[in-house]
Amino acid sequence: MSHNSFGHLFRVTTWGESHGPAIGGVVDGCPPRLPLAEADIQPFLDRRRPGASKFVTQRQEPDQVRILSGVFEGLTTGTPISLLIENQDQRSKDYGEIRDRFRPGHADLAYELKYGIRDHRGGGRSSARETAMRVAAGAVARRVLGPGVTIRGALVAMGGDAVDRADWDWSAVDENAFFCPDRAAAARWEEQLLALRRSGSSVGAVIEVVAEGLPPGLGAPVYGKLDADIAAALMSINAVKGVEIGDGFAAAALTGERNADEMRMRDGRVEFQSNHAGGVLGGISTGQPVVARFAVKPTSSILTPRASVDRFGEEVEVLTKGRHDPCVGIRAVPVGEAMLACVLADHLLRHRAQNPDAPEVARLPRN
Amino acid sequence: MSHNSFGHLFRVTTWGESHGPAIGGVVDGCPPRLPLAEADIQPFLDRRRPGASKFVTQRQEPDQVRILSGVFEGLTTGTPISLLIENQDQRSKDYGEIRDRFRPGHADLAYELKYGIRDHRGGGRSSARETAMRVAAGAVARRVLGPGVTIRGALVAMGGDAVDRADWDWSAVDENAFFCPDRAAAARWEEQLLALRRSGSSVGAVIEVVAEGLPPGLGAPVYGKLDADIAAALMSINAVKGVEIGDGFAAAALTGERNADEMRMRDGRVEFQSNHAGGVLGGISTGQPVVARFAVKPTSSILTPRASVDRFGEEVEVLTKGRHDPCVGIRAVPVGEAMLACVLADHLLRHRAQNPDAPEVARLPRN
Amino acid sequence: MSHNSFGHLFRVTTWGESHGPAIGGVVDGCPPRLPLAEADIQPFLDRRRPGASKFVTQRQEPDQVRILSGVFEGLTTGTPISLLIENQDQRSKDYGEIRDRFRPGHADLAYELKYGIRDHRGGGRSSARETAMRVAAGAVARRVLGPGVTIRGALVAMGGDAVDRADWDWSAVDENAFFCPDRAAAARWEEQLLALRRSGSSVGAVIEVVAEGLPPGLGAPVYGKLDADIAAALMSINAVKGVEIGDGFAAAALTGERNADEMRMRDGRVEFQSNHAGGVLGGISTGQPVVARFAVKPTSSILTPRASVDRFGEEVEVLTKGRHDPCVGIRAVPVGEAMLACVLADHLLRHRAQNPDAPEVARLPRN
Amino acid sequence: MSHNSFGHLFRVTTWGESHGPAIGGVVDGCPPRLPLAEADIQPFLDRRRPGASKFVTQRQEPDQVRILSGVFEGLTTGTPISLLIENQDQRSKDYGEIRDRFRPGHADLAYELKYGIRDHRGGGRSSARETAMRVAAGAVARRVLGPGVTIRGALVAMGGDAVDRADWDWSAVDENAFFCPDRAAAARWEEQLLALRRSGSSVGAVIEVVAEGLPPGLGAPVYGKLDADIAAALMSINAVKGVEIGDGFAAAALTGERNADEMRMRDGRVEFQSNHAGGVLGGISTGQPVVARFAVKPTSSILTPRASVDRFGEEVEVLTKGRHDPCVGIRAVPVGEAMLACVLADHLLRHRAQNPDAPEVARLPRN
């Protein structure tokens, strides 16, 4: 991926720092004549918004998105869509003490070594605030994919405590503050996170994102694999340290017999008996649901002092008092959905460029 | 990543099918005046070569690489380096029965649905044979990184049986057929794999790759993150289903205190007390070793019949009798090293384009 | 070039329509720690600004640029620089009559056929207003190139009446409304253009842009040629129909003897006796001034009715009453300079990525 | 454009030096199931082949192309197409004397300053031999465009002597050694070129390329303009110094009234009364023929000694005795056609990715 852009045909570029006047993004390559308004994007931003519950950062940002170009009389025009959110609650004074000190686990030191300069306020460009633009772009991507494609996400583990898949209920996801599909797990997490928050600590999480209703054929054989692009997209989210497709790491412990997704025909279409592959074979979608998971490390901003250094090469102790998410993985759920949507929209356009007559379902014989 | 290319400045394009006349690759953007000969590339290919032990496919391919351009009098010229390996042992008749049948877990069906045509012989473009070119390109990338950077890989788990990190010995890696750093594990695996091979089954594996001696500063803030590009590169390897950086999925179970890599100064340089981050913070290398792992699913070619379908939409049973790797993860070790080397070489060039005066070590104050 | 972006390492993306709320751009890949403020960009915008003289469109736009990201305490940070100009004088009613009618020579019909929708107000995305962002990006590019590189442009012909090169005086360029280096020609053009303006007609022009002080080595051998990228960059400016490097089309009438730029040594550097090549040989800069010219067609918006058609396939007569430039070539001068600056900045970064030890002057022996 | 690649979806990468073992190219992104064989490519190569007449270099190269991948049972598979031509007549000894000397007008010096190394034999990578691969890729591009699109080229001026457009006859183009559409001009040129060849001199030329039968809608609004990409593609051909679309530089001398291509309707389609625009408005094709011209400078290899310098910074005289084209513009005709075909194929794929329901002709109302 490029510095601050990704995608080939559906291409997203973002800009902005945590405490600058605004953050924004440009979505280029969107097909024309799709209905699009700010009201189509805002609900997704509201799901990711800081200050929405006691389990996320208390920074107050309405995150009202404005569309500045690329839409005319309610329809996309095929020209670049500029999205902008003004920053409101930039309490810079909170960050004075980390101007010269590098917080362990943060991007601070890496930026300093690379650039020799950084906007330290709120993490500057490395702030999770940037992910608002991913979510906005994802809302546009959903328009490109159309109503037949559903993309959903859920938190499936927090701090080592996983959901019970037997109790998975998508309708539970929007009923708790964790995007948790298992009501019992959500109840446990609530207690755990309140305790963590009181102690100024933090914890990691695992998120699962699923796309259903996709046509087969998205992806490309070798380097342009659908799952390779999904991996990059999810790994590019702040604090992500691992990405899986389908069975993921668990597949490494399986035999070939167990791992094979057997196939039968139903109504002229291929029907798989299982989905170990996560909807992708040889880098190309099969028409099954695309299933990916990613691991988010615990927020590095904690109240316990940690050994560190400063810009001048002096040894210091650092603790972070600002407003932070005790589990940044929670707000990563809508971000993961959005990144998956963007990658799929891009590959949909790439696929139909090369294969305009490919079938929309796994029909055999093909044509 | 593009269809059959990856990298921005150090850019690799490959071509070729398993049973075509040859496979090849083009490495574009390599800096000039680096010593390079076929003998610099061949040893890496020999490590990946089929037929090298009883635990890998018995296809006999000498995999002799030829450099067709971009090198003059023993030095790179800055122009594209064309690499070519002629295919020798294309026993096409083995594959006649899978011409019209889709092997479960293989790319066969996905290719058919996407393109409506495929070279079925040996998997065509989806064959692991393509990875020989990744290894060759990786050898060139090592030249770009220079002798101060070491890139090594090892098999760390096979079929759920992991190495004991307390017994890790890099020198063991080249002493067994598994690239296993733990001699006791290697002995166990030998027995397990012989049994699997006899039964015509297969098993998955986990590979770890490590780069040491890197400068800090490789990567870019948001989408061009070093770890995002590593994730895509490793996920693009055949049969890979998961990728991790540093602690990876385990980080999701940690608290912020545990996950923080504390820092001290030594001789004017930052010294980390741990490496949970895997050498990357905020998408940018810190100068610590870059550590990545990836999971390889079991080979889909097995002797046990599996329910499947054919091109005409008929239900069939499929078993695969050709020559295959019972654990394709073994030969993925040199491939993973090569992909890591290519990504690092690309980011090294990108970094010095933007930051020509950045330090080569984690020195503070920076300059 | 991509839809709305260009450049590889110094990458510019623009967005916005003529009568939308704002236009903007994102400059990604800029090196860090370069001094940059709005005041560094504004003077270039002021040169291109509409309403500045009676020879350009009378639309009143202050074109005040705001930097929304990528600059901290007066220095670039290496993160994307977002530039924004709010539109002020969007007199949409002027354009009501061209909502459904295609102006001959305009992009109207082409947009309609491609997208099936367009923001017709003021030309929407195809408006020359977009070029303000090119000029702003060019100001950033000049920072990247540094004070040793000078980029200047001039109008060298208007409506077939060319300057006399014997009377070329760079200091004249800013003394007249035409960026004309020949005072006598400027006086002639003033009369001609007043007459044209009265008659509601328009006329074409030729612009020359020159970059001095460049290092040798910018460019790449085959497709990444410096002059190929300059050609694309200049041809992408609205209304441009031709591009030349050095002697350009005149070179086609020369013999090899005449065309050869002979070389001598002076003070350890190569000194050329002429510059037919325009500073580029084999796609790579030689250290001589880079000289390019481009032809701008006459503005298509004229008062004389022309035969045309409308969206419904009806034949109509079209004349354009809005505010327009009688010679759009005039304001193309700062735009051409800016595009040249952006291409050179991009190639400077690309060159030093691959060749960090290349000399900054045409020194022999090289090193 | 990238170093040695161009195109976004139909992407061409070439490699190889004049006197290396082979030259080659990779065409990635070609749609599947197009009939393609070596015999479809060879006729285009034969038109460009050296040694074909007394007016081109006498190097004897059969230029037999081999397809090494991407085609199965006579059809493209959607995977990369590898093309290879072995070099036969590498008379390296001819070039011994230019090992250390820079030929004026050649890429020699620029390569030395950039890379500090070059394969001097026959110009190495900067040799016009590379253009064989452009021609081969162009033959594949024609398959993508389909039989409804015709791409032709002609030499329209040699050394300042232009064809008479009133006598233009496409059938004459293949009857003379110059690809000249005007039989009288061809007769004149034959005499002129024989004289030039005897004197060891050379001369420049202008080539016109025309694409007919294109759909409207190819291109993109701002930077991805069809004509911008054509300009880059043609300017990237060796020795090209200028590019025009439609009226080109002549448009700069026109008034808006003269330049406007008026439109009428015929049978539900837009019919233009003229084609000053060269088939492109606002960067997007209108369905009219796309017309481009490019200027080729005289071959720099001449027998008259010219003042130059050598690698060591010594002043020398250089004359070139090797086998060269007295008018390299002649063989540029098939190369120009090929580059136009490649750009159009790429834009066709890009267009249908974003606008799958756009009409194939300039029909109004659109849909």
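Each chain carries a letter (A, B, C and D) given by its place in the written order, and its residues are counted from 1.
We adopt the following convention: a contact is a pair of C-beta atoms (placed from the backbone, for glycine too) under 8 Å apart; a residue touches a chain by one contact, two chains touch by 3 or more.
As the structure is a computational prediction, the values presented were derived from the model and not from experiment.
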When each step joins two chains that touch, the fewest steps from chain B to chain D total 1
Rotating chain A so its CA atoms sit on chain D gives an angle in degrees, to the nearest 5, of 180
If chain centres are mean C-alpha positions, then the most distant from chain B is chain C
Chain centres from averaged Cα atoms put chain B and chain C apart, in whole Å, by 45
Taking each chain's mean CA coordinate, chain A and chain B are separated, in whole Å, by 25
Two or more other chains are touched by the chain D residues 2-5, 8, 14, 29, 32, 78-79, 114-116, 125, 221, 355
Residue positions on chain B within touch of chain C in the complex are 8-9, 29-32, 78-79, 221, 349-350, 352-356
Seen from chain A, its contact residues with chain C in the complex are 2-5, 11, 13-17, 20-24, 26, 28-29, 32-33, 66, 68-70, 72, 75-82, 114-119, 124-125
Listed in rising order, the residues of chain A that touch chain B in the complex are 1-6, 8, 12, 14, 102, 104-116, 125-126, 130, 157-160, 196, 201-206, 216-217, 219-225, 227-236, 238, 241-265, 268, 270, 273, 276-278, 280-287, 295-302, 304, 306-315, 329, 351, 355, 357-359, 362-367
